[in-house]
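Next, two complexes with chain A in common: one pairs it with chain B, the other with chain C.
After this line comes the complex of A and B, so read on.
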């Protein structure tokens, strides 16, 4: 006796709000299908082909074999890993430190600093690169060269030698684009209830003790999030190398992203580029999985 | 009210989805924008109405070839339509920076413009893609006869002709007249008779001066940062018995001993102190700035139009115009030939750019081909070519443009003009015989091995021998031991 009314309720739901819901998510679904799912499936198919606009040919696993046998690919993977290891942790520490410094300020001052730090994120990457190219001017009159000149050091060819080109890109990453992380950290810091600090104060805890026992544990989910997204972003880094060094000298700053771009848009080897981008996606997935597995164990959301 | 909002929202949702879908599908439909024109010639793709002059639209993607070039587009479109009332020329302007990206995106989507202005060195890449339109059957004998044969050769690949050349721009070096004379260089004789590497080395050593403030005025600065590093090496090796990366029997030439000689000399000029040790990071803008501000005696690469740029800056300095280059001095630009290496004859590097013809996914009809050729020839001959090349200080390469240019005046230095003409006569010949797959492999070898190693050589990280060995190894890996020159 109880079943028939239940069926009618369900029917009514699909007809009413349920139907509207499907209509609304259709937009997101169509956009997702077209701009995410379709390109991924398409890239997967192209990775087995010798791509030509007028008709591609199936070549099996050749693109993958070529990639694994290509010393430049491995060099670019190594460069990307080095870049990631040098930039992501430092970026996290810097943005954490800046957030802690901003936190005690008045609201309007907090907002001002947030805006100031976020500005480089909004600025065009190309414009930023032009400024940095100016800073890294190799002649003695260059800004950074004048700076090190004060310490009695000779001018350096920052972007032109293998010894300093990667460091120059890393320095650029260290000194810009922490805006997003700072805002996320600040939001998390503001979410920590004051009662914890008050209790700590009563116990006579010092600033560093509060940091160690309250702030850091509370920020663990945020840190994990920023760490994972930072590493994903760093693995996909392309713009800096493309605009600042073009991958040189001697491929010392050729990142996987740049290599994929070159293969696709410079040499029109879309098959190889698709294969490499899928390998990169796999590497990122494995790294993220490992991060969640080990770092995310005791994180409570 | 609530219901209305639902309806409105779903209409909005539906239209967003439909727009997105429509955008994608229309892309496929317009696969060959050229042959199925928006003006309704789709039906004529058979061949029936060839003689009646069916309507057709020809699209062209053109960069700012000269300063006033893009301002004339509207007039060009009108003039073309007046000449061929059934045809519409649609010109899409693009910046030089956007040009390659826009074109490549359109090519890879299978819907390129009918005509694009690009360097002839890009032809092999697009031929390999199968996206260029061979116009050898559609170009009339009159049109072909109008062009100088040497530059026309650059637009060929195999047996096909893939467009018309716009100009021959010789890439050489240029000097500061006063500094050259102070260094005792008889530049007039050099312009006429050329010079060897040893003579050049002595000249730039004399031209290198330590200034009172501790800075150095260099004898020679060539832009080598990024893409320009290719230019430096390519221009020099032409004068070392390697006019092309491939010999006439299609062997890769840069494994020759002469290549090693050039590399040694390049390093030697830096070690002498005649070139800055930071040369690997000096880009095109920087070295021109160094030339105008008196920090360099000889600059590279040099183009004909630089005489004009220097003159314009001189005029600004004279008029106390604030837009003159900061810190610049009056400079008389002297066109100079590149020195020769290892006793080899002088061969100039020539950049031939032109109007290249593309095809879409569908096979273009003969009628459409003929229409595209008409448009390309219209853009690239007579008054249009004359105006553009005059502005660029470049020679005319069609008879019709020479006639049209006869009444136009240029403020060209006669010595520079004579030197430029001599260099043009020594331009490396076109090599349409090089198969596209060899060409494509060469581009990759150049980008992945030669340029990176060259950057390292310039930065003093590897020796000339190291670079030579690396190039030789990579070349043998690519072409096999029999596919490279072994001398």
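After this line comes the complex of A and C, so read on.
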């Protein structure tokens, strides 16, 4: 007979907890609904419209059709892919090599190097773009021109010609965006149990064999994580192109992110921008899905 | 450190190896730090136009003239710093409070719809920001009419999904027994959160606070969209305006860049541990 009341009190307790839980997540949910969920839904609607502040007209798939027929869109996709292919793998290899090199050092040296490599991440992107703008100064006295001058090369108009402008953005990415991945790699390296190396030592494995058969398999989840987030980030890249080259010369550095920005806030074609942003989201979703499908087979999350 | 041979008894080899490694790392560090060094060093030059300035790798002069040039460019330049500070501080506080509350609820309280709601939130992390930027701009500027206000700068990032995720990951490692004990003692969930969960989650809250503050201080895109009067711009947008208005003034531009980056450098060096920890907290559990 004592059973039923106890169940109800427990139930009430859980219910009371539920109310607290809803209260705790209320603000998060409201912010999410207002500033993420609503905009996403709204983006879908706008992408089918010729948007005007007072009375938009429904134009069906025209924005999408325009986009697919627009050679500039395809050029920007190609630029984005080139940028991604040049930056993401190199950044991964660089940060992997650096973290392997940091590993045998003493603790304080590890921390110092981690801090040093992370420093450019802390500096604001606008500040860094201002600095790099001067490094790429086309005059012979520009820093990079001075540097290649030591090797007997002629000075170049780094950001001003289509041949080198993309490379300039890539170079900037190479030298400023690996702090995070070095730290993540190092944390993963420190998480590998020593007994694996000891066993390998007993078998007489060399340094490179240990690297090949222990470290690389163990770091596969980390690599995949960095790879996927790197590609997602790279596809959205906007700021450096906007601040350094403005997409030029001749749209040689117009990435999809910048194209969407220009359509939206330079030409105020909101419908077209929304359609392009959804295409970008779809591309990113497909790319990440493919990566997880093929690379992440034996990775558990 | 088993990856490397221990070379027991062969100290010189190990010494040489480590020296070589440090040399390689140093070279790479120099390349990484060069832009920052170049920025700070050149900011102390004279505020003359670029044609008259020469870029040298070594400090030639030490004057604050370029800094005063930067601050005299606009009467609002101090205001930009203040705006950045206000916005970043508000965003930081609200993220720490609301993200840890939500993280606690999602990790430790069982309620109807928990899994579905959390999945819904997480899905937001996959959406590129370009998708939301246009509707968000319309919402803030055309519907709410709050451009050029702190509200517009702060509201969209009041609490980010990333921070909720961070808090949830951390809090799910708090031992269940402690929370149950508190409950038996008659604490309600708010009391549990304030008296037990918060003191135990100091690390993750510090990490959240720092990373959120940094992100908010450095953000450029959103303030650029929703502010068009000088007095409401943040330092990043202000710096961009300064750059476009004074394309030939080399040293003052560097001074401006230094001004915008320096607060973060100071924060970084004083709270380095949390910065470096913060990077891994979010990633390890992927």
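In the analysis below, the second predicted complex is superposed on the first by the 288 of 301 C-alpha atoms of A that agree within 3 Å, B and C clash if a C-alpha of one lies under 4 Å from a C-alpha of the other, contacts with A are read in each partner's own complex, and residues count from 1 in each chain.
Simple rule for what comes next: a contact is a pair of C-beta atoms (placed from the backbone, for glycine too) under 8 Å apart; a residue touches a chain by one contact, two chains touch by 3 or more.
Small disclaimer: the values here were computed from a predicted structure and weren't measured.
Given the alignment on chain A, is it a clash or a fit between chain B and chain C?
After superposition on chain A, chain B vs chain C: clash.
Please indicate which partner A:31 is in contact with in the superposed arrangement: first for chain B, second for chain C, both, or neither.
Both partners, chain B and chain C.
Chain B or chain C: which reaches more residues on chain A?
C
With both complexes overlaid on chain A, does A:221 touch chain B (first), chain C (second), both or neither?
second
Under the stated touch criterion, which partner chain does A:128 make contact with: chain B (first), chain C (second), both, or neither?
Touch partner of A:128: chain C, not chain B.
When the two structures are overlaid on chain A, which partner does A:203 contact: first (chain B), second (chain C), both, or neither?
In the superposition, A:203 touches no partner, neither chain B nor chain C.
On the A-aligned overlay, A:162 touches which partner chain: chain B = first, chain C = second, or both, or neither?
Only chain B is touched by A:162; chain C is not.
So, A:20: does it touch chain B (first), chain C (second), both, or neither?
Once the two structures are laid over each other on A, A:20 reaches both partners.
Once chain A of both complexes is superposed, is A:270 in touch with chain B (first), chain C (second), both, or neither?
In the superposed model, A:270 contacts both chain B and chain C.
Of the listed segments of chain C (5-13, 185-193, 257-265 or 275-283), which one clashes with chain B in the superposed model?
Clashing stretch of chain C against chain B: 185-193.
Take the contacts of chain A with chain B and those with chain C, and give the residues found in both.
Touching chain B in the first complex and chain C in the second, residues 20, 24, 27, 31, 34, 53, 137, 265, 270 of chain A appear in both lists.
Could you pull out which chain B residues touch chain A in their complex?
By the definition above, chain B touches chain A via 6, 9-10, 13-14, 16-17, 20-21, 24, 101, 104, 107-110, 125, 128-131, 215, 225-227, 229, 276-278, 280-282, 361, 440, 443-444, 447-448, 451-453, 455-456, 458-462.
In the complex, go through chain A and note every residue touching chain C.
The touching residues are 14, 16-18, 20-22, 24-25, 27-29, 31-32, 34-40, 42-43, 46, 53, 98, 100-105, 109, 111, 113-120, 122-128, 130-135, 137, 141-143, 146, 175-176, 179-180, 183-184, 187-189, 192, 194, 196-198, 200-201, 207, 210-211, 214-215, 221-222, 225, 232, 235-236, 238-239, 243, 256-257, 260-261, 264-265, 270, 273-274, 276-278, 280-281, 284-285, 288, 301.
Considering the complex alone, what residue numbers of chain A touch chain B?
Touch list, chain A to chain B: 20, 23-24, 26-27, 30-31, 34, 52-54, 72, 136-140, 155, 157-163, 246-251, 262, 265-268, 270.
Give the list of chain C residues in touch with chain A in this complex.
For chain C paired with chain A, touching residues are 1-5, 17-18, 21-22, 24-25, 28-29, 31-36, 38-39, 42, 50, 54-55, 57, 98-99, 101-102, 104-106, 109-112, 114, 117, 120-121, 124, 126-139, 142, 155-156, 158-159, 161, 164, 188-190, 193, 214, 217-218, 220-221, 225, 236, 239-240, 243, 250, 253-254, 256-258, 260-261, 264-265, 267-269, 272, 275-276, 279-280, 283-284, 286.
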